[in-house]
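If you scroll down you'll find the structure; I have some questions about it.
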Amino acid sequence: MSKGTVVLAYSGGLDTSCILVWLKEQGYDVITFLANIGQDEDFKAAQKKAESLGAKKVFIEDLRSEFVEDFIWPTVQANAVYEDRYLLGTAVARPCIGRRQVEIARREGAQFVSHGATGKGNDQIRFELTCYALYPEVKIIAPWRIPEFYNRFRGRKDLMEYAQKHGIPVPVTPRAPWSMDANLMHIRWVGLVACFYVFQSHAPADLYQMTKNPEDSPNAPDVLEIEFRNGVPVKVTNEKEGKSKDSPLEIFSYLNEIGGNHGVGRIDIVENRFIGMKSRGIYETPGGTILLKAHLDIETFTMDKEVRRIKQGLGIKFSELVYNGFWYSPECDFVRHCIAKSQDNVEGKVQLSVFKGQVYILGRESPKSLYNEELVR
Amino acid sequence: MSKGTVVLAYSGGLDTSCILVWLKEQGYDVITFLANIGQDEDFKAAQKKAESLGAKKVFIEDLRSEFVEDFIWPTVQANAVYEDRYLLGTAVARPCIGRRQVEIARREGAQFVSHGATGKGNDQIRFELTCYALYPEVKIIAPWRIPEFYNRFRGRKDLMEYAQKHGIPVPVTPRAPWSMDANLMHIRWVGLVACFYVFQSHAPADLYQMTKNPEDSPNAPDVLEIEFRNGVPVKVTNEKEGKSKDSPLEIFSYLNEIGGNHGVGRIDIVENRFIGMKSRGIYETPGGTILLKAHLDIETFTMDKEVRRIKQGLGIKFSELVYNGFWYSPECDFVRHCIAKSQDNVEGKVQLSVFKGQVYILGRESPKSLYNEELVR
Amino acid sequence: MSKGTVVLAYSGGLDTSCILVWLKEQGYDVITFLANIGQDEDFKAAQKKAESLGAKKVFIEDLRSEFVEDFIWPTVQANAVYEDRYLLGTAVARPCIGRRQVEIARREGAQFVSHGATGKGNDQIRFELTCYALYPEVKIIAPWRIPEFYNRFRGRKDLMEYAQKHGIPVPVTPRAPWSMDANLMHIRWVGLVACFYVFQSHAPADLYQMTKNPEDSPNAPDVLEIEFRNGVPVKVTNEKEGKSKDSPLEIFSYLNEIGGNHGVGRIDIVENRFIGMKSRGIYETPGGTILLKAHLDIETFTMDKEVRRIKQGLGIKFSELVYNGFWYSPECDFVRHCIAKSQDNVEGKVQLSVFKGQVYILGRESPKSLYNEELVR
Amino acid sequence: MSKGTVVLAYSGGLDTSCILVWLKEQGYDVITFLANIGQDEDFKAAQKKAESLGAKKVFIEDLRSEFVEDFIWPTVQANAVYEDRYLLGTAVARPCIGRRQVEIARREGAQFVSHGATGKGNDQIRFELTCYALYPEVKIIAPWRIPEFYNRFRGRKDLMEYAQKHGIPVPVTPRAPWSMDANLMHIRWVGLVACFYVFQSHAPADLYQMTKNPEDSPNAPDVLEIEFRNGVPVKVTNEKEGKSKDSPLEIFSYLNEIGGNHGVGRIDIVENRFIGMKSRGIYETPGGTILLKAHLDIETFTMDKEVRRIKQGLGIKFSELVYNGFWYSPECDFVRHCIAKSQDNVEGKVQLSVFKGQVYILGRESPKSLYNEELVR
């Protein structure tokens, strides 16, 4: 008899494929769920794989538009930056994925959800806080925190053997020395082998995927105009090319394209994880970096000085909450509400150029400007 | 009979030369004071000019080392950034200049100090708050706020006529459309004519002086290692060139040279002045920008997460206080003390590359790192 | 010919009566405005007096209900306390008075407003910021800052002489050693003669008017139940007496009565004025003190812990803004909006006893309580 | 063979006596430690009891002076109040006790420490964070979180049976409906039976021990003068009685005596525990309440306004950290350092009266007052 139904966040990779089979072994019915949040993935292949491994149902869902509108846009309004540098690309994706996973679990009558996140990172926390907030009765199966699982799979070799034994397709290429978390907003790289893991070794030049090396990027800038209303972009125009985009997903994707082509948004940082340790990450956030700079400019131009100071503090709080996984919490709801309110007059156009890894603000205009030309001179 | 002695902050330019003569006309003995804080200036010519215009004494003082050590270093420790963007290069110079001006006034028995700052900007406030804090009994003569003065000199034309009449050398080149405030830390450009004054017109490419246009900067990066102790740089090394610097003034000057050569630290922003108006500024802060990024990195690497959060709030407060001119105030003393305390363990080396307007952190190491390699994996 | 029309905030006392006549002398048409915000005043006598002194129009307006609902209630929601002690009874009345004064000025086509506040206190600032915010084109006549006025009236004696000369009724009793500012929310006492002005002399026992001396107050407590919705009281019940009140003005007045009878809400403090000086005040705030304690209790009981922490910071900011006169400012609007949002679930009943100057919370209940009885044990 | 040595925080009560015996059963050598932090306890009896139950060593230590100087004084400097009401009497005692316990463990070569705190409260966290901070290698045995223990002892009845079986003296009086935590600073009462546990039932009049019922307290006030230096009291004088005290422990004890006699410091509150739940507590904090009011007064009188605002925020942070058990943490060290620095000028005398549950500030004086009598008038 089945122990119940689990909705498993499934990536198609080795780890979650093994978890799928292991959960079945433990007596669960397994539904897989794979969110398309803009990562480069063969979704069809993943579907087939999950089906062949015995998933009862397979959900592959395109969440890209809601990811931009419901999750990235509020971080733009907040100028959300964790510890002065990290733009929260992974942190902001977790509640988006978790929200849908929980919807599926409710709809399918599943009492369990499961994920393949490790037991030491932030992602497990972000994922689980989302699930508990939106589906308080749900039970979470986190194999990498269950002794029966982590004692059985002490390394990649154990996973490979298990895969071979259970007909799970095994990766033929050797494992990369970096793990990657990719979505529409960014790619995060975390070192897996000692030499990259430490803090002083430099990241290899060929690591990056979303952004060109600025040394190889175009020798002439692109000039964009971004139009904001209520603190979110409503249109982006590349004047030279005469292109413009005006849906949230298209705007963000286009900024990724331009930013990526010019090598914008690469950072190598050390950050403080929620559970007290420091970790090093390499990030590529091309579109997000452009938007942060443009939004900062139009916001300072249109917002009252003292409101801005109070809102700056709320934005820092928001960033901490999102980083720590509390997107769905009373305090984050409250802060998001306050920040959104602060954006009522954040309206206007910012011109900027993108070149060799940098974003240069060139000018701005607004019908709501608080600037009084007479007074300043 | 003399009304008393005034120490005038003298730049050698048209405005303060007219003020010098005007103060004499009003019956004051005038001592001029010109601080060398790293601006590009013909100090000898200024001295001669002041003497020829009747200054009782002329002081020209090299404050560059104390500017770096006593004023720039604390802003590095604080990660001081006003409204998320401005690195406070002008704001931090005012108390440095004012401190010496007041010392001279005390030493020379002058009851008055005077300056040529306009009546609408931040600089008059910064200057005057410094003077009152350090020399509470001093009287300040601010000609641009005195009706007898500003009604007489309603524009540049009036100053030119006055100059010609009183033997003040008159500039032969036409007036630049931008005003410039330069020191070791930065150059600030503020538009003087309508077309540049507004917010949407783009700054001309040939405006900049401290930084090369990134389009023309070298096609290969420079790689530096900066060593910090107590949150301030104690050594910078350019490994390729085998150069290294280890005195504060040399370190900062070298970072300006490298940063400037690679076009680092240009921003075009709108900021909220102390007295409620918005103003646009173009800034070049090459060395300061490199140091901000490097310090942020070593600080996050070595400081406890929760201390960092509290210190981040204090740093924002510090930036507001400095911007508003309150360097010498009980609250700024207090905040500076707290921030300095937070830097006890901020020690280590940061490697970074400087290229095409960007600073890329490459790695870091520290004897005080809180990172526990075992734990994170 | 008239210089224009002034709406003068008129109290009926010696100072503003002299100002009325003086403004007429200066060539203005004067409209007087006297707000009833709950102070003990002979409004009819004041009306007659103003008319007899030549006021063109006389407005006496009962603002008590809007004072409670629009001004006191938001301070209750905010737990507004300035510098941990002062409940802002005067600060919160100024924008209420100023709002109506400006409405009258607009309606009557007056270009000027005037007030009798001194040139060193907070009240002039609070009053004027309100006027400028709501009627930016208005011109303010502040006689106590105009040299022609304050040089003419150097002391009370000069006012008395002027009064006698111009048929202004002159007070027959000697001047009290304390000045009083009274409204529905509180009475503020500030010493006028040296011995009470200093900080160490004790306030005389017979000073107080709103509150009984706790030594003489009843020897048995009153027990009240206050019901809150959205963070404001909607009903107060005295169970023993079987009385209950449910309109804002009645609720607040009843709490004043009970609190006053039991000597609640007396404080003797030193506070930091907006313009950098310290001043001593004695305050009586009976109803406000009861509400602060009751609201704190129901809020902590029903609000999420982390929301509470963020809201606590906003409440402190709100208190500073209100104290400094910025009720009508973008930042205070913003903060008020955020605080009001935080009160969505602040609903329930608080039982308390009032006795000998103290308020004791006895218990509380709420349909929205976040308390989980199972969990805590 | 012994599993090692445990230092057990021993109260002499039923729970920790059972834990003592149970730990021995589990194979540990047990050293008991009982701190005298001012609670009313028969320390000799507790010593005998521990010895008779097989404790290898018994430590009973008088920590009262260091409790006042090292723990209470910093909370006075901070105006530490959790959630606007709770004065942290229990929170501040835990690190004091834990510090000595860890010292004993180190000195005695014990690898383990143990305590009898429940698994749902704040005290376990406060205790354990202290131990880990000061003795990172220590292992903590928390029986109430160990299934073997809590499954065996599901209620008081199981403890009683176990006690009888193992010769542990069994309390003869029935259990009180309230649990009590007493020390020099306060008594905390938490309901143990349903009717008192809920939030609306009123506390019984005979509950209190440190404070008289204000209805029965003296009908005349006591008038005290408290002298502060560096923000801590250095002398208290009762002018009428001619008594004065000037050692920290004597000062605090005397304030407890006077405050208790007048019924000062009773509160009934709901608070948010560290682990997200709300709990109700009744507190008696007589001396602490007097000191909070007196310190607030002298601090506002002597401290710069803007320093005070920054320090107020740090004090709130400090209160949260202490409540949550982080006394010994880098961030609390940092905040304590900053707060202590802010107290440099907090010096002077405060006169106050204590009467019927209230503290009334009567006046204050200071050699460091920032008040300028000339200016204010």
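Going by the order they are written in, the chains are A, B, C and D; count residues from 1 in each one.
Basically, a contact is a pair of C-beta atoms (placed from the backbone, for glycine too) under 8 Å apart; a residue touches a chain by one contact, two chains touch by 3 or more.
Note that the structure is predicted; figures quoted are calculated from it, not measured.
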Q.
Just the number, please: Cα centre separation of chain C and chain D in whole Å.
A. 39
Q. If you average the CA atoms of chain A and of chain C, how many Å lie between those two points?
A. 50
Q | Distance from the mean Cα position of chain C to that of chain B, given in whole angstrom | A | 45
Q: Mind pulling the residue numbers of chain C that touch at least two other chains?
A: 309, 313
Q: Based on the touch definition given at the start, go ahead and assign the chain network to line, ring, star, complete or other.
A: ring
Q: Please list, in label order, each pair of chains that touches.
A: A-B, A-C, B-D, C-D
(Q) Under the definition above, what is the set of chain C residues touching chain A in their complex? (A) 304, 306-307, 309-311, 313-314, 317, 329-331, 334-335, 337-338, 341-342
Q: Please name which positions on chain C make contact with chain D in the complex.
A: 79, 83-85, 120, 197-203, 214-215, 219-221, 266-273, 276-279, 296-297, 300-301, 305, 308-309, 312-313, 316, 320, 351, 355-358, 360-365, 369-373, 375-377
